[in-house]
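The following blocks contain the structures, represented as structure tokens.
Two complexes come next, and they have one chain in common, chain A, joined by chain B in the first and chain C in the second.
Here is the complex of A and B:
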């Protein structure tokens, strides 16, 4: 159990500054997910917590204690690597036991923990095997068991599911969530997959280019994005962003909030005439690519699959489903902005003009 | 049945036939000297000089081996060879493994230059260095000890290079995982790196063994007392007898000389071949 704090953290590789002036608190006992495109610095943060890629400047606190000068093995953290990084020349048992031996855990205690953990992850029948005799999923479990057996304060996971096939990944996803519920330990999970982040996290930390774009629970992340990046990173297809004439703000709306109809209803905030360019039928839902009259494009995600390419219709979005962003891409909310109502008014009128 | 693929089949047959013949030829080329050594060592002196030579001894005798032991104080030479070889291997491992680990995994000031020096040492033939080393040994008053045959070979450039290559194949993640498992550097080296580089380590050890065991020129120059000379020089002494060259005795001496090398090679050949193939660990 541990709270993790980053205070004014900098990291550079040679002359390339990856992270500058980062402040972040990861709450105790939460399933924290660091998510973002590749190169955004999420793995760098994870390696800082582990101590295998120290910060260039700044402090990292574990439960209020500065761990910057504590070696990785003594921080009370365990990590699951993307490549699993299990020791190829040791058996499964030796892999799990290695950390305990190095920490001088007595033999009886080691035996107890190994049998307990191997039961939990389902490795009990394979303790005598070498990693080369295991399947991908089993190797993943070895990596997990090796981390669990140390009973760490913090679990670090670096895209642990990315090497598994889709079916196994889904199963492991819910197993990890379950595991977190049992252990109630702080998890820090790195992924580039927004679906994984939404499905697993209590708290999502969305990063881009070394900066934190938004930190919130999945629901808020989806419903109330702080900026264009957050609105577009979470959700499939990404949030549509359109410009309104020569206005200095941008409008966003999710593909699933679009209403397409032959006749425009009078009381909706945003209305445009659109033409269907392409249609992707995915089963329960259908994606439509739409072209607005002024040439801008938007994606719609509807349960209605009966529309055809070339149809000309009205696109409408309710006011509650509209996001306003300023010129820098930051969200302008109803509360806290005196311009909000004026912006809604201008969006409404923009169709009539 | 005459099929349209007959030509292809014939060609394939011809290729495998030629390949087999060539392999057989190479085998004979390499094995015959060994065979000749073994057979001659069991011949009588008379049997060894008959013309035409015979492929098998007329009378099978161990006389040559007896002579080797009576003419020489063989145990003394054998002891020297064993001490020198074992000491060289042990010291080379103790120095080479940490050096290779440092070269492969640490970045420190002067690493490039130091590695270049190691590689340069790899390329300098002993014939260039032996006079200066001899003078050095003489000043240290080591000439009547085994040290001149051991100390200059304490570090093997070839060994450091080969082990470094093997260590570089170990994924960084595994080393980091070991650090998170609270393993110290010595433990990472012995428990993670060495098992991963096992076959390279065996190759290095084997080459050191053969090099040291068969070494002739260096001990000849560096020793002037019989009590510090190795087996190679003793076998040479079997030659200068007044009655002309007694081939069975020389071959018996060579048998004693070569036997340990052959045995070890037979036991380790799989590891050596795999290490030469630079197999990665995945």
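Here is the complex of A and C:
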């Protein structure tokens, strides 16, 4: 159990500054997911917590204690690597036992923990095998068991599912969530996959270019994005962003909030005439790529699959489903902005002109 | 068709490897000096080598000592230097290249240079000893020291090459494995013996075999530096064979028997390595 804090953390590799002036608190006992495009610095943060890629400047606190000068093995953290990094020359049992032996855990206690952990991850029949005799999924479990057996304060996971096939990944995803519920320890999970982040996290930390774009629970992350990046990174297809004439703000709306109809209803905030460019029927839902009159494009995600390419219709979005962003891409909310009502008015009028 | 494709390579192997090998073993059963008629004498050559004359056993002992020392120190130093030079920095790159340079020099030149340095009266090493007020050593003229002088030269010359192989294998260890070991709170020595050494064991095993074989065949450095002397203190198998085959009345039959024994010893050693040491080698 541990709270993790980053205070004014900097990290550079040679002359390349990856992270500048970062402050972040990861709450105790939560399933924290660091998500963002590749190269955004999420793995760098994870390695800082582990102590295998120390920060250039700044402090990292574990439960209020500065761990910057504590070696990785003494921080009480365990890590699951993307490549698993299990010791290839050791059997499954030796792999799990190695850290315990280094920490001089007595033999009886070691045996107890190994049998317990191997039961939980389903490795009990394979303890005598070498990693080369195991499947990808089993190796992943060895890496997990090796981390669990140390009973760490913090679990660090660096894209642990990315080397598994889609089906196994789905199964492991829910197993990890269950595991977190059982252990109730702090998890820090790195992924570039927004679906994984939404499905697993209690708290999502969305990063881009070394900066934290938004930190919130999945629901808030989806319904109430702080900026264009958050709105577009989370959700498939991403949030549509359109410009309104020569206005200095942008408008965003989720593809599933679009209403397409032959006649425009009068009470909707945003209305445009659109033409259907492409249609992707995915079963329960259908994606339509739409072209607005001024050449801008938008994606719609509807349960109605009866529309056809080439149809010309009205696109409408209710006011509650519109996001406003300023010129820098930051969200302008109804509360806290005196321009909000004026912007809504301008959007309504923009169709008539 | 496949036989035609491998025919050129096989022809070379047959003419230059298998035929000489077979002929070597064949000649070892004869009394023969290149000019005379071959006289079949059965195992007499072998009996003389192993039980009658004492010099072959001495050469065998010298070779074994030399080989053991070269294998041991080359691998040990190659690993130690590789661990030292593993970190990528300007000075390390420079050192690594400098250490490789001796490998580029012909063995004969190396041996001559070192003979001068070992010279009792005008050599660099005795001058250095005199400088720190130690009594001079007799180096190559000392029958118990001479073989070690040759060991030093061989290790010095080939270290850079073997170091390169060990260094490359160290760098091929995935960094995550080392990081995982750090997270497992592994002490330094344990990390080396339980993680690093097993990970580079295939390359070390390869070095073990190749260095053993090349040490058993040592010739040029011994020939230049001591020519087997003083007495026969540095006489090794190949100088022994060379002396009998080309200097002492061309006793080709007798030398062939010695050659066959060398061949046999190397075969047995290699099998032994694969049987026993090979079990401890970890292949990915």
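Just so it is clear, the second predicted complex is superposed on the first by the 353 of 353 C-alpha atoms of A that agree within 3 Å, B and C clash if a C-alpha of one lies under 4 Å from a C-alpha of the other, contacts with A are read in each partner's own complex, and residues count from 1 in each chain.
Definition applied: a residue touches a chain if its C-beta (ideal position, glycine included) is under 8 Å from a C-beta of that chain, and two chains touch if they have at least 3 such contacts.
This one's a predicted model, so the numbers in the text were calculated from it and none came from an experiment.
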Fit or clash for chain B plus chain C once both are placed on chain A?
clash
May I ask you to decide whether A:39 touches chain B, chain C, both, or neither, giving the answer as first, second, both or neither?
neither
Which holds for A:99: it touches chain B only (first), chain C only (second), both, or neither?
both
In the overlaid three-chain picture, which partner chain does A:54 touch, first (chain B) or second (chain C), both, or neither?
neither
Partner chain in contact with A:74 - chain B first, chain C second, else both or neither
both
Should A:85 be classified as contacting the first partner (chain B), the second (chain C), both, or neither?
both
Do any residues of chain A touch both chain B and chain C, and if so, which are they?
50-52, 71-74, 77-79, 81-83, 85-89, 98-99, 102-103, 146, 150
Using the touch definition from the top, list the residues of chain A that touch chain C in their complex.
50-52, 71-74, 77-79, 81-83, 85-90, 98-99, 102-103, 132, 146, 150
Interface with chain B, chain A side, in the complex: residues 50-52, 71-74, 77-79, 81-83, 85-89, 98-99, 102-103, 146, 150
List the residues on chain C that touch chain A in their complex, please.
174, 176-177, 179-187, 190, 194-195, 198-199, 282, 284
Mind pulling up the chain B residues that touch chain A in the complex?
171, 173-174, 176-184, 187, 191-192, 195-196, 198, 281-282
